[in-house]
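Listed after this line are the structures, all set down as structure tokens.
Here come two complexes built around subunit A, the first alongside subunit B, the second alongside subunit C.
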Partner chain A sequence: MKTETSSALVQGFVRSVVPVLLALIVSGLIMLAMGASPLDFFAGVWRYGITGSNWQRSLALMSPLLIVAIGIIVAFRGQLWNLGYNGQYLLGAVVASGLGPILYAVMPAFLATIIVFVVAVLAGAVWSLIPAILKARYGTNEIITSLVMSFIAIGVVNLLIKGVFKDPGVTTPQTTVIPEDQLLPYIPGTEIHIGFLIAIALAIVAQIVLSRTSFGLRIDIFGASPKAARHVGLNSTWMVVLLFAISSGLIAFAGSVDILGQFTYQRADWDPRYGDAVMPLVFLARFRPVAAIPFVAFYAVLATGGTLAAQQAGLNVDFLFVIVGLILLFMTITEYIGNRRALGQSYVPAGLRRTVLQPFTRTSERTSA
Partner chain B sequence: MSEMLSATFITVFIATVIAQAMPLMLAAVGETIGEQAGILNLGIEGVMLIGAYTGFVVTLMTGSFWIGMLAGAIGGVVANAAMLVLNVWLGLNQIVIGLAITLIGEGITSVLYLQNYTSSPASLGAQPRMPIPGLSEIPVIGPALFRQSGIFWLMIVLILVLAFALARTSWGLSTRSAGQKPSSLDAAGGSVMRTRSTAVILSGVLVGLGGAYLALLTTATFSPHLTNGLGFIAIVITMLSRGRILIVMLTSLVYGLAVAMGPALQVIGFTVPADIIKMLPFIIVIVMLIVFARSSVVPPALGAPYTRGAR
Partner chain C sequence: MTTTATSDVISLRGITKAFPGVVANDDVSLDIVPGQVHCLLGENGAGKSTLISILAGMQQPDSGTVSIGGTVVDISSPKVAVDNGIGVVHQHSTLVPAFTVLENLMLGDGGVLLDEKRATRRLEELAGLLGVEIDPHALASDLGLGQQQQVEIAKAMWKGSRLLVLDEPTSMLTPQAIEHLAESIARVKAEGLAVVLITHKLREAYAMGDCVTILRAGRNVGHISTEELATYSEQQAQDAILAAMFGEDIVAVGDEATELAGATEASRETAAIDFASRPVRLELRGASSRGAGRDVDVEDVSLTLREGEILGIAGIDGHGQNALSELVAGQRPASTGTLVFDGDDITRSGVRGRQRLGIRYVTDDRLHEGTVGSMSVAVNLVIKRIGEQPFWRSGRIQPKAVDAEAKRLIDEYGIRTPSPATRAGTLSGGNIQKILLARELTNGARLVVVNKPTYGLDLKTVHLVREILTDFAAQGGSVLLLSTDLDELIELSHRIQVISRGRLVGSVVNDGPGTAEKVGQYMTGAIEGTD
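Moving on, here comes the complex of A and B:
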């Protein structure tokens, strides 16, 4: 029994780490093909992401990434593909950067921070209502609706920053810089804001709720089969709306934490696209919030170091998205090979063998195959 | 004088509508063929960008827009090959693969462009025009409609041929059955795998052409993230059109109208913030989705890899 669980653990580990390694190797080859040095790049990632006090910057980046990851996990667990994360994140961010300075002027920082967080979560939750209701009522594909709503949110956020929230003292469209003493405090002895601790705590709470409570079980039943969920008395309409609201609210919360912890103000047309980067990691973590922590840490180092390292290697920062995309591809392939191995089947599916071996055979001759 | 102004104004307006609608139309027709065969390709944003970039580079090198379009189509097929192998053949998750293609497409085209062309931003110049004798002399609509590039006419013919083929030929029937009930196609002696493979390749050609059209004819240049969500709009239009290509053409024109409205309003004297102009198509799309929510039907087998004998 013990060996069985440990071998399952080893297999899970291999299936999660191998795609990352393969993606790094292939992205190295792409760099070589483009005339950049992969060794310099990865050395740069190490240097700017970990050494000196750089590890603290990586950990600070972890907090929004991890909260976004938890938000995505909640929706994905229920098989709801909330891909509107970029817009939801920016909505939360603009609540902090726009509403924040106004609130800090009239009330104590602690109270204002709480209000900012609550409004950010509400803004995210409300924004997800249209995709959720369309999905629940008419079964409209939520991938598309959440994405379209995300593009609209980005436009709304830009309008807000160029309009009501614009700092009149600066020519470039951006919000007022929030002064140091009103930001989230640092963890004593470091330069990591407490958003990091909030994120870790959220991951643990989410893990417990998802795996140890009846609500978590309900989400899993709903994700496995909405029909079965209806049979055991779950209201699927309410479930879709609730999961979307929690997911979207958490992602918006990540945006407000990021502004109050790290950025202090927001520029127009700024979009860090954390969700795109985190989404594959969520799959690798098998939708488990705590398991997402090491993957998010890995990506935080890659992103923190990679931004400078890419510039030095003569690449654009967008190269990180190539790495992320490759992780996704290799993840599905590793998963496939792993499942085939576990089932003791051939790696090549029967249908493919037919297509490859006899692609031009007439249909009538193939009926016996 | 003011009449002269309004005539050229309308001409430019119609030309803009067409220029904006064509890339979307091609991409949405490509997506329609894929979806009818049961493949929801979320990667078409990336496929469009790869088609646009290859088309742009090849046109710069050869100086020929026609060869550029061909290169865009090839780029589209190469990008869709990932979907073909991983989803159609191996049956892996379409959503994940589609997003991977989008991310890689966005990343690689942006990196390559910035590495090769930032020092000297390249424009492709004017497209080769092919005025149709007689018709192009019609005032107002003549210069707008009948002074297009030959590429435009070829694309329109291609789309109409596909519209006919999808609705009326046996190829179209097997393609649609691969999305409706793949087991029936299999039972009737057709090959689901081969039908879907053909559909994905054809879809790659069209989406690649859409990207190339955007870069070569609509904007006459390439820039990172050129498509800016156009691929996702194409998916919505596909969903709303329920596999009927003529409706895809119409809705694409509506989109073109929405995009052309911004600059047109500016000419009249309204200043509309650029962000609203960028948002407008998405707002229209979400309103369409809300109003026609009931009718955005997709094929039943969409997204499900086919395994013979599996229930």
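Moving on, here comes the complex of A and C:
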């Protein structure tokens, strides 16, 4: 029994880490092909992402990434593919950057921060109602509806920043900068805002709720089979709406934390697309919030250091998404091979084996009846 | 093993096919001779269907060969199978319901333009051969099941078959339709075609077959050649087949073996009850269901089920059985009518409310609805009591309490599992069904709806499941038994009602011989529209 669990752990570790390693190796080869030096790039990632006080910037970046990851996990656990994270994130962000300055002017910072957070979560949750209700009532594919709602949200956010929330004092379309003393406080002795602690705490709470409570079990049943959920007596309409609302609310919360902790204002057409980067990591973590922490940390370092390192190595910053894409690709391959191995089957798919390998086997073997 | 010198013999040699965790075919060899009906017998999971899908080109064997007339043929796709004249009639209909008979038959035709004239001629030929009448322009969905099967046979022989394979052709048919089928098979055989007939009913094998091969656990465990079968009396054949089918298990199953293997006519085995003295447990008054999907709904159903009674619902699969069971279990709302349970109106209460009242439901979709395969046996055993004491306290799961309950049920129902923590999906179908029964019948069950409770199970488990149900009824529980297996209904039920197109069309008290015929008449009358 003990060896069984430990071998399962090793398996999980291998399946999670191998894709990342392969992605790094192949991205290095691509860099070579593009005439850039992969060693310079990775050295740069290390230098700008970890050394000196740079590790603090990486940890600060972790907080929105991790909260987005938890939000995605909650929906994905129930097999609801909420891909509207970019719009939901920006909605939360614009609540903080637009509503924040107005509230801070009239009430204590503490109270205003709480109100911003609550409104951000509600904004995200309400925005998810349309895909959720369409899914629950009519079985509409939530991938498409949530994605479309995301594009609409991005447009709405830009309109708000160019309209009611625009800082009249500057010419560029952006919101009013929130002064230092009203932002989220730093963890004493560092320059990491407390959003990091909030994110870690959320991950632990989410982990406990998902794995230890009746609510978590209900989500898992619903995710494993909506038919079984109905059989057990779960209300699937309510489940879809609730999961979408929690997921979307959390992602919007990440946006507001990011503004109040890091960015202090928001420009029109700004979209960090954290969700796109985090999504494959969530799969690597097998939808476990706590397991997502190291992956998100890895990506935070890569992103923090990689931005400067890419410029120095003569690469576009978007090269980071090439690495993310490669992780996704190798994850799929590792998963496929792992499953076939677990089933004791050949690594080569049957169809491929027949068409590619069969002509090479000796014909006499086939006709010896 | 018969080795006939006919050039057209289809020989399977050393066929082995393994799936994760199970060897479906283990070194199976057999010869299929033209002009003979070759019966393939064996219980569920013996490997009959795998062998057929290999012949049909839907699976490829891990090792072994198929040869036709001495030449090895690599049946790498269904098309190769058809080109070699191997036609298969699958257990479940493969016709497109919205197409006409002719369109369905022409699906596999090549060429740019559809040649309707040629197709009509071919259909006439085949109809003559089978001795049936088929309207080429009728919609497939309008046909009765027996007629659909005739079309399926015509489809299998469309390209000039040399071998016709029938996979459990009688499982959905009324006794009357089975006779028609036997006639058609005899005519096909007379034309010199080889026929492979798969069945798990021994008496059909004896009645229709020329030779018999018995599979058990993927192995060819017995073959009775044409000559032998001709010299055997029915009793001798039966003994020989039973010995091969059950092996050493025959001792464990005992006298039940003949009934389980469908060797004899079924008769009721549950103790009689006096209807008048028993209080009514469940009553449906003009109830109609309203489902979300495209599933058949029930309309205007009225029935009463008394304490200690087993009420059978007979009918062809897909005629509203799911709707009826979900309506009673509370998974599907009633659009009209009322449901009364122990004198209380329960029309408006939901799944969990009815669960607490003692209404339980053993679904026919064990793998996807009844259990969550990726979760442990223990969780699956308490899955309908999520959040309830003592398994959950203030929302948190209590692993010890769950484990204790799981161990109790595993012992009581003899669920074979390595541990309560094993994932339910890794267990065999029989053990999964035991999980369902254990979960539903524990903790104050008063009425249980069972939908196809023995479908796809091995014979020993079939026996056990039936025993559990009769015991439950004997202790005062009520059972609403929905099944497509007429023999099962006759063995267990006190009364049998017939469901067709979502309506109850007849009721038969099961108190002597002739019940099967009466039920069959109701089914035929309702389906074919002829009384």
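Criterion: the second predicted complex is superposed on the first by the 353 of 369 C-alpha atoms of A that agree within 3 Å, B and C clash if a C-alpha of one lies under 4 Å from a C-alpha of the other, contacts with A are read in each partner's own complex, and residues count from 1 in each chain.
Keep this in mind: a contact is a pair of C-beta atoms (placed from the backbone, for glycine too) under 8 Å apart; a residue touches a chain by one contact, two chains touch by 3 or more.
Keep in mind that what you see is a predicted model, and the values were worked out from it rather than measured.
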First, second, both or neither for A:V232, with subunit B first and subunit C second: second
First (subunit B), second (subunit C), both or neither touched by A:G314: first
First, second, both or neither for A:S53, with subunit B first and subunit C second: neither
Subunit B versus subunit C as contact partner of A:L328, first or second or both or neither: first
Contacts of A:S214 with subunit B and subunit C, given as first, second, both or neither: second
Subunit A residues touched - subunit C or subunit B, whichever exceeds: B
Touching partner for A:W81 - first (subunit B), second (subunit C), both, neither: first
First (subunit B), second (subunit C), both or neither touched by A:I152: first
Subunit B and subunit C contact sites that coincide on subunit A, given as residue numbers: 350, 354, 366-367
Subunit B to subunit A touching residues, read off their complex: 42, 82, 86, 89-93, 95-97, 99-104, 106-108, 110-112, 114-115, 189-194, 197, 224, 229, 232-233, 235-236, 239, 273, 275-276, 278-279, 282-283, 285-286, 289-290, 293-294, 296, 298, 306-308
Residues of subunit A that touch subunit C when the two form their complex: 1, 212-215, 217-218, 220-221, 224-225, 227-228, 230-233, 343-345, 350, 354, 366-367, 369
Residue ranges of subunit A touching subunit B (in the complex, touch as defined): 30, 34, 81, 83, 130, 134, 137-138, 140-141, 143-145, 147-149, 151-152, 155-156, 158-159, 162, 276, 279-280, 283, 314-316, 318-326, 328-329, 331-333, 335-336, 349-352, 354-355, 359, 363-364, 366-367
Subunit A partner contacts - residues on subunit C that touch it in the complex: 11, 13, 20, 60, 65, 67, 72, 74, 76, 330-331, 350-352, 355, 361, 363, 365, 368-375, 379, 383-384, 386-387, 392, 395-397, 419
